[in-house]
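What follows is chain A paired twice: with chain B in the first complex and chain C in the second.
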Partner chain A sequence: MTMVQHISPAQLAKPTNPPRAGLPASLYGRLFIALTAVLLVAPLALYPMFLMTLLCFALFACAFNLLLGYGGLLSFGHAVYFGMAAYVTGHAAKVWGLGPELSVLLGALTGAGLGLAFGALAIRRQGIYFSMITLALAQMAFFFCLQATFTHGEDGIQAIPRGHLFGLIDLSDDRVLYYVVLAVFLAGLLGIFRIIHSPFGQVLKAIRENEPRAISLGYNAQRYKLAVFVLSSTIAGVAGGMKALVFQLATLTDVHWTMSGEVVLMTLVGGMGTVFGPIVGAAVIVTMQNYLAHLGAWVTVVQGAIFVACVLLFREGIVGVIARHLRWRL
Partner chain B sequence: MIPFLDIPMQALFGQLLLGLINGSFYALLSLGLAVIFGLLNIINFTHGAQYMLGAFVAWMLLNYLGIGYWWALLLAPLIVGASGVVIERLLISRLYKLDHIYGLLLTFGIALIMQGLLRNQYGASGMPYAIPPELAGGQRLSFMFLPNYRAWVIVASVIVCLGTWLLIERTRLGAYLRAATENPGLTQAFGINVPLLVTLTYGFGVGLAALAGVLAAPIYSVNPNMGADIIIVVFAVVVIGGMGSILGAIASGFALGLVEGLTKVFYPEASTTVIFVIMAIVLLVKPAGLFGRTA
Partner chain C sequence: MPEDYILATEGLSKSFGGFNAVTDVDLKVRRGAIHALIGPNGAGKTTCFNLLTKFLVPTAGRIQYNGRDITRVSSAGIAQFGLVRSFQISAVFPHLTVLENVRVALQRQRGFSFDFWRSEKVLRGYDARALELLDEVGLAGDADRNASELSYGRKRALELATTLALEPDMMLLDEPMAGMGHEDIDRISTLIRKAAAGRTVLMVEHNLSVVANLCDRITVLARGRILAEGDYATVSGDPRVIEAYIGAGHA
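And then the complex of A and B:
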C-alpha cells in the first residue's frame, strides 16, 4: 500500500490564520442565545411544520457531525439510526400506546443499541473501509425493514399518534409540538457542545489528528471511537424519533442510503467540524428540498452537483468560511 | 430428479446458476474497484452508476444508432471509459493530496448526478434489452436447463477477469502499474508517466464496470437504479475480500454470488442480507479481509 499523507477534514477546514487567542470565550454562549431567540419567535414568520422538519434534520446532522467532524469517522449509513428510531418510536406510540416521551426514549435506545453493534464492527477497519462497512451494514438493516412486519413494508407506519407529553400537554397542535421539538433540539445541541469541549472530546480530537500518537500516549483509541459512535447514533435516534412524531410517519425513506447521503451533504454544506455548521447545512438542504420538490428527480441531480461543488471548491462549508474570515472558531 | 433436503435439483442448480451470474458481476465490479483503489487510493462510488451507464449506452447504441450487442460490448466500455478519463482529469485529480473521504464524497455526488439525469430522461421503470439472436435459446442438460446467454455471461466474465489478472501480473504495463501502486514517487523518478498511468487505470476500471453493465443489460432491464443497489453489495464483497489482491477480488466475487444463490434455495428471506452478514462475521474473525493486507 502506498503511503498517503493523511489529512483529517478538520485540518483542512482549519483556518490558515489561527483564531485570535482569548477572543470571546462567551461567543458560543451569545450565539447560542441568539439562535434560541430566533427559533423562539420563528413560528411567527414560518410554518411550524417546516421549522420542525428543519430542527429534526439539524439535530440529525449535528449528531452526524459529532462523529465526522470531531471523531474523523465518515459513516455512510447514519440513516439507519435515524430511521430505525423513527420506526420504533412510531410502533411504540401507535401499537403499544406509549406516551411521546417514552416512545422517543425507546427510539434513542434503538439508535444506541444499533450504534453499539454496528460501530463495534465498523471500527475494526479504518478510513475508507469504515465508510463502506457502515454503508453495507445500513443496507442490511434496510433490507430487514423491507421484510419485517412491524414496519409495514412500502406503506410504513402511518398515522402515528403524537399523544400527550407526560400525559398532560396535548401535542396534536403543531405550535405546541414545535416548542417541544425546539427544547429537545437545544438540549441535544448543548449536549454535543459539552461532549466536544470535555476532556473526552479533546482526546477524540487527538485520535483524529494522530491515532498512533494518541495510542502511544496510552489512550484506548478503539474505545473512544466506539463511544463517540454510540453517542452520535443515540442523538440521531432522538432526531429520528422526533421526526416520527412530527410527520406522524415512519417509512423506508428514513432508512434508505439516500438519507445517509443527505445528512453527509448537510454537514458538508454547513461546514464539518463546526458546531453550528450542520444546522446551517440542514437549513439550506431542507429549504432547497421544499422549494424544488416539484422538480422530481432533478433534486437528486442538484444534490449531486452540490456534492461535487462542495468537495472541489468549498470544503470548509458555509460556517467554515465565515469562521475563517472572522478568525473565530464556530 | 433427485431430491436433496427436499429441494428439487432443478431449483438448486437454477439458483446456483443465478448466483454464479450475480457473482460474475460482483467479480467484475470489485475487480475494477480494487484496481482503481490500488493506484488512485479512492473508493469509486461512481462505479455502480458507470455499470448502469454501460447498460444505457448499449441500449442507446441499439435504439438510436442500430448498433447491436456485439459492437456494444466493445463500444460501450470504450465510451464510458473515455467519460471516466474526463472525470478523472477534470475532477478526481484535484483531490489526490486530500483525505480519502473527499474522493468518496465526490464520486458519490457524480453518481447522484448520473442517476438523476437518466431517471429524468428514461423514468425508473426500466427498459428491455433483447438477448442477441446468436445466444438465444439454451441447452437441456441432464439436471437443468442452461440458457445460452447466461452461460456466455459467466464464460465472458471469467475470461475478462483472468485477462485483467494476466495484464496486471504478467505484462510490462502491469509491472509499471504495480510499481506505481507500491510507490508512485519512486516509479515516477524512474521515468514512468505516473499521472498518465493513473488516468488510464481509472478509465480501465470504469470500462470494466461498463462491460459488466452491457453483459447485465439483457438479463436485468436497463434501469437508472440498477447500479445503486449492486454497488453497496460490491462494497461488502470488497470488505470481505480485501482490496490488496486482484485474484482475491475475483474469487470473493464469484464465491459470494454462489453463497447468495444457495441462500435463495435454503432460506430465501435472508438472500438479500447474507453477504452483509458474512461481512460482519469476517470483520469479527479476520478484520483485514480474507485476502487483505493489514493497512
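And then the complex of A and C:
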C-alpha cells in the first residue's frame, strides 16, 4: 500500500464550476427519451450503416467512460476487449454457425474474461503505470491476433453472416439490424446509468475521489476497481460483437492500439465522467471519419487538431462544458 | 489492577533502506483516553501513525488492538474492526455532496455494496442518520452542496462526521488542526472532545496548546523512539523533552 496520492485522470479535469447537487433525476430521463426518439427516426435522414457504426462506437466509448470517468482508471488497451469480442463473435457466427444473439453473448464473455485477467494484473499499479500495463497487455493480445489462425491475420474474418435473431428475424436488412443495434445500445446505456447510480457506483466514485480515504472507511479499493474494469470490458465486448455483425468483418484494426486511442479521444472530446458525453464524442469522431474520408490521411491530422483544441480550450469536453454552463450534471 | 489498553504495540520498528524511522516503540493507549503523539519534525510520528493504520508494513514488532493481533491485517480490514483513521490533508470526497460523503461511510453497514444492479435509492434509508451526524458537526445546512465547496475547517468537520458514521471504537487523527486558524481550532477541539465520549482517540498533533487542553496522555517521540510519556505537566517538565524541542516551538 502506498501513501503517494496519485493524480487520477478524473482529477486532472476537475470542473472549476462544480455542478449543483441534488438535481431532478428526471432530467436524465427526459434526455434519454429525447435521445431514443431521435435515434428511432434517424434512419429516415441518415444511412443505417452510418448510424450503426456510430452506435457501436458510442457504446464502446460509454463502456470506456464507465472505467475512466467513474472509476478514474485510464485504460490504454481497451481495443482488446472490443476487437477480441469482434473476432469471437465473427468466428462463432461464421464457423460455428451460432445465432447472432449467442455470438454477441460469446463476444461479451470474451470481453469479461479478458477484462478479468488483464484487469487483475493492471490494477496492482496506479496512474500512468496502470495505463502502461493495459497498453502492454493489449499489444500482446494484438500480436496474438496477428499470429493466430482463427483470426486470419491481415485478412481478418470476412463475410460474417448476420443470421436470424432468435432464429426468427432476418438481420441481413440494414434497417432491421439498425433497430436491434439501437435496442442493444439503449440497454447498454441504461445498464451503465444504473451502475453509476447504484450503491456500488457510490463507493466507486468515493474511491475515484479519494482512494486512501475510501480504504480507511473499510472498502477494499482493488476489488471495486477490478469489478468496474470487468463491467467496462464486458460492455466493450458487446460493442465489439455488434460491430462484427454490422460490418460483417472483424480485423486487426479493431484490436490495434490506434483503436484504443480513438476511444480515449471520443470520451475526452465528448466529456469524460458525463453520461451522454461519450455518445456525443463518438458522433463527432465517426462523423468526421465518414464525411472527411476523401481527405485520406488528413483525417488523422484534423482529429489531432480537434483533440489539441479540446485539451487546451475545454478540458471537460463538449457535454462537460454544456453541463458546466447550465450547472447540471449530465 | 492491570490497565485496559485498547491499542498496544510491542517493539514496533520501521526502517526505510538503512534509515530507522521508528525503533522499538512500545506504545500503549488506554481505553477511553485522548492520547497524543507528539515530537519534533522527523521524530517518526507520521511513520508511526501509518504503521498503526496499516498504510505501512512494520519491519519488526507487533500491534495489538482490542486483544487481537492486527500486525498483518490490511488497512481496509482494521476499519472493519472499528479502528478508523483521518488524514493530514483533509480527506473528503470532493465531488460527492456533503450528505453523500457521510452516507458512503454509513453504507458500510449494508456490507460492501457490490450491487451495481440496484438503484442508489436503497441508500436513502441512511439519509436521516447522515443528517443527524452532519447536524452534530454543524453542517446540516450544507448537506446538498459539493464537499469541494466547503471551507477548510468545515471539510475537517465533515471528515469527522464521516469517521463517526462508522461508529469506531477508536479514532486515529493525523494532525487534525494542521493549517487551521484559531476559530477553527476551537471548533474542532470541541468536536473532538464531544466525539471522544465513549471512544478512544489517538492523535498526532503539532499544536502543543491543543494537546495541553485536549489530551489525557502524551507520548513524546524523538528520533523514532519514545522519549517520554505522561500527562502534559509531566511531559512538558521533562528536561529531555525540552531539549528535543529547543528551537522547535516549545511554549
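Heads up, the rule we're going with is that the second predicted complex is superposed on the first by the 307 of 330 C-alpha atoms of A that agree within 3 Å, B and C clash if a C-alpha of one lies under 4 Å from a C-alpha of the other, contacts with A are read in each partner's own complex, and residues count from 1 in each chain.
FYI, a residue touches a chain if its C-beta (ideal position, glycine included) is under 8 Å from a C-beta of that chain, and two chains touch if they have at least 3 such contacts.
In this text, all values refer to a predicted model and were calculated from it rather than measured experimentally.
S.K.: One more residue to check, A:Ala214. First (chain B), second (chain C), both or neither?
M.R.: After superposition on chain A, A:Ala214 lies in contact with chain C alone.
S.K.: Please indicate which partner A:Met259 is in contact with in the superposed arrangement: first for chain B, second for chain C, both, or neither.
M.R.: neither
S.K.: In the superposed arrangement, which partner chain does A:Val88 touch: chain B (first), chain C (second), both, or neither?
M.R.: neither
S.K.: Given the touch rule stated above, what does A:Leu67 touch, chain B (first), chain C (second), both, or neither?
M.R.: A:Leu67 sits against neither chain B nor chain C.
S.K.: Specify the partner with more touching residues on chain A, choosing between chain B and chain C.
M.R.: Counted on chain A, the partner with more touching residues turns out to be B.
S.K.: Quick one: classify A:Ala250 as touching chain B (first), chain C (second), both or neither.
M.R.: neither
S.K.: Quick one: is A:Ile195 in contact with chain B, with chain C, with both, or with neither? Answer first, second, both or neither.
M.R.: Touch status of A:Ile195: second partner only.
S.K.: Which residues form the common part of the chain A surface touched by chain B and by chain C?
M.R.: Common interface on chain A, chain B vs chain C: 1, 5.
S.K.: Can you list the chain B residues touching chain A in their complex?
M.R.: 37, 41-43, 91, 94-95, 97-102, 104-106, 108-117, 119-120, 181-184, 228-229, 232-233, 235-236, 238-239, 244, 269, 272-273, 276-277, 279-280, 283-284, 287-288, 293, 295
S.K.: Which bits of chain A are touching chain C when the two form their complex?
M.R.: 1, 3, 5, 14, 18-19, 21-22, 194-195, 197-203, 205-206, 209-210, 212-221, 223-224, 227, 231
S.K.: For chain C, which residues are in contact with chain A within the complex?
M.R.: The touching residues are 50, 53-57, 74-77, 79-80, 84-87, 89, 91-97, 100, 103-105, 107-108, 110, 112-120, 122-123, 144-146, 148-149, 162, 166.
S.K.: Please give the residue numbers of chain A that touch chain B in the complex, ascending.
M.R.: Residue positions touching the partner: 1-2, 4-9, 12, 74, 76, 121, 124-125, 127-129, 131-133, 135-137, 139-140, 143-144, 146-147, 257, 261, 264, 268, 296-301, 303-308, 310-312, 315.
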